[in-house]
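By written order: A, B and C. Residues from 1 in each chain.
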Amino acid sequence: MKKLQRASSKKSQTIDSQLLIELCQIHAPSGEEGPVKDFLLRYIKKESNNWKQKPQIIQGEEFQDCLILKFGKPRTAIFAHMDTVGFTVRYFNQLLSIGSPDADTETKLVGRDSLGEIECELEYDKENHAFYKFGRTIERGTSLTYKILFHESKDYIESAYLDNRLGIYNALKVAETLKDGLIIFSCWEEHGGGAVGYLADYIYKKWKVRQALISDITWVSDGVDHGKGVAISLRDRNLPRKTFVEKIIHIAKKYQIDHQLEVEGMGSSDGGELQKSPVPFDWCFVGAPEQHAHTPHEKVHKHDIITMIDLYNCLMKEL
Amino acid sequence: MKKLQRASSKKSQTIDSQLLIELCQIHAPSGEEGPVKDFLLRYIKKESNNWKQKPQIIQGEEFQDCLILKFGKPRTAIFAHMDTVGFTVRYFNQLLSIGSPDADTETKLVGRDSLGEIECELEYDKENHAFYKFGRTIERGTSLTYKILFHESKDYIESAYLDNRLGIYNALKVAETLKDGLIIFSCWEEHGGGAVGYLADYIYKKWKVRQALISDITWVSDGVDHGKGVAISLRDRNLPRKTFVEKIIHIAKKYQIDHQLEVEGMGSSDGGELQKSPVPFDWCFVGAPEQHAHTPHEKVHKHDIITMIDLYNCLMKEL
Amino acid sequence: MKKLQRASSKKSQTIDSQLLIELCQIHAPSGEEGPVKDFLLRYIKKESNNWKQKPQIIQGEEFQDCLILKFGKPRTAIFAHMDTVGFTVRYFNQLLSIGSPDADTETKLVGRDSLGEIECELEYDKENHAFYKFGRTIERGTSLTYKILFHESKDYIESAYLDNRLGIYNALKVAETLKDGLIIFSCWEEHGGGAVGYLADYIYKKWKVRQALISDITWVSDGVDHGKGVAISLRDRNLPRKTFVEKIIHIAKKYQIDHQLEVEGMGSSDGGELQKSPVPFDWCFVGAPEQHAHTPHEKVHKHDIITMIDLYNCLMKEL
């Protein structure tokens, strides 16, 4: 089985940048995840012909804009959120945050209202309130997201919204060879949640699945570096059950996959929602670290993406 | 159908002040909503003879002090919370907040303990801690609410607890002609919630209802004025699903009902609880704006109440 | 029945210090409650032979590390959390809090990693960040808890983790004579919760139980003293339903059990989780007050422990 892993590792050494760019460019801040769902449905319809197994696709109004892929006899679910941070237009030229965006003045923001396409600039006043600068008034409630400037070098990828389009990318790559498992594309992660509760309830009642991996992007910090492998998070603001996290570390070691152990006191994820949901989920955040989180130029090392996919492939087999 | 709406609008031009006063005067801070429930049961028993349709009344210990009215084949639920802000007597003459009351010193507070009726005065020390001034010690845990001073002018109504007795008033007016729908009177909205989760679970499992309108009172602000019509809230601290909010705006436009679009970054409601509950609810806050929120003299324009009722009548038909 | 109560009161005048020391010494911060569960399973297996009734023991992966004891036909559930506050080792010699520990510099902390047993010292820098001082590096993610220094005097017991090993102790003493009821040992109470939701859901669906007593430790304050009897909490950050709390006070008075009424604006417990869970629970916090909460030397008066057990015995019969 170790052989198998190395083969797969080799195969995934290249990042499918085209897919990642397309994912990053979809305008879908929290509450407006529909376009990502539509993209995924088209992508899966086409690509799943080449997958080892075609998943059952579960969707509908009772899942709002979420999407569930079911492969074989699932024991573990991968959660990848579809939404991003951004801004909502308030009154006059005021902007409110969606999630916690972190951008400099003059950052280019894009969106669309009934008068047409928008590309405007971000500004701040002295009290750090956000505003837009644009040739006309933008309609109330219009959402704006960062304009995508995707940059790839030998080792790094840099773009807005690697959080969490890379988490989705990871899930799609794992899907190619997945035998048994669930892949869940969730909503509202950046802004207080609201979907993971009913998704968890559904999959627990339907298939008794109560193990979850959070396919999301974390932070480069004083203990987690670029290029040293996928991060396994032992805790953030929430504390997952220790015995489950230890199983994951054990599997990473067994398959000799480069990884880093993260220990944080802040930050949350779909894992935090699972923790608080009235379903007995064990969960662990497993994801590549990035620099410049929630800015227009998030930066991730390719080795950390590759080891992330490798580790998920192993975990979905072993857990 | 537009004709129908205009007729109903005409009919509701007058506010039933007597009913509203009675509602405002009920002492029922969060955790003690029983008296509002009892009032509603008496009112509905008597008045529903004149309604187009008698609702099924659902109540009992498993709903604590909440109340559900079921009309026909429900597709959408109206949520109106029964509780208000207020104070709890702590030790000595100390007061703790229930929700976030906002009252000046010398405000009259009323309540009752085993020694009898209480009418006392609110005081603050230099650190802004609240106290009561009264001729005797009040028993620990006694709740106090604002004394009601109801004032009606040609255009405005002013009173404590229009938030949310006006939301209840709206629901009762909509009930008069409602064909299909649920009306839900909820608890604890002002103090962290606790009832909406099980109410949502119940109505979703029982009737597959997953659309909700939050019948509650919002704020006059730099973008929302008195007298310009009911506010449709595009967001507050929580982000409802955009596609649902857009449906509501569409219906308001179609029926030419005066309305204002609200966009806020703070504040929450029963909608926030629905968002976080493990049930896939679409929700939107639709309510008249008020000045002086959570003070003893909340102020609402009558036109905003009338358009609120008009819009709810249309929404309950169309959604 | 009052006679019965007094007899039981007499019987419980002595504290079983040996059991309490053993409970306090178990290393089980939030997320690592397994060792308490294991201790309880061994204890119950042995001791329940002497109980009036042997309970049904409900456990398994779908309850994570939680444990349910079912006696007869349950109407009310006792919740006692198993976890404690503590620290997680981060990078270098940094420590992160588990819950909200409150300890002075040089406090002895204990734990274990793959290199062996740990007994180290707590330190703070100028910005009040916590660190450990130890002869070697401790592995990332290792948890540390206070070293137990148990002290018993004529009237008091002093130790780390009386919160909540005393709540467990109370539950075990009540178990000795319990006829109908549930005893639930929960997880994560000190760090954001995560188990009470599914436990509440389970017991409500299985046995329609929706009354809960929170067997936990509260604070000595300006209104609650040492030695004046068990505290019945009318509110903390959360507001339980007033009618339920009043039932409990009524029973305490009827059985003439020394008690104090607590009214707080802060603090939470498993009761807060019940309040927010999508199940219609009535709950009340009933527990002995302690000084020096969350420090290594929590201090409780024996009379308050004895009246706590007495009151629980009565409540489980009467509610």
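Note that a contact is a pair of C-beta atoms (placed from the backbone, for glycine too) under 8 Å apart; a residue touches a chain by one contact, two chains touch by 3 or more.
Remember, it's a predicted structure, so these values are computed and weren't measured experimentally.
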Rotation angle (°) superposing Cα atoms of subunit A on subunit C, nearest 5: 120
Homomeric contact subunit B-subunit C: same or different residue positions, threshold half: different
Euclidean distance of C-alpha centroids - subunit B vs subunit C, Å: 37
Subunit B: positions in contact with at least two other chains: 277-279
Contact footprint of subunit C on subunit A as seen in their complex: 208, 210, 221-223, 234-235, 237-243, 245, 261, 263-265, 275-280, 282
Subunit A-touching residues of subunit C, taken from the complex the two chains share: 30-32, 34, 61-65, 88-92, 96-98, 140-141, 143, 188, 191-195, 197-198, 200-201, 277-279
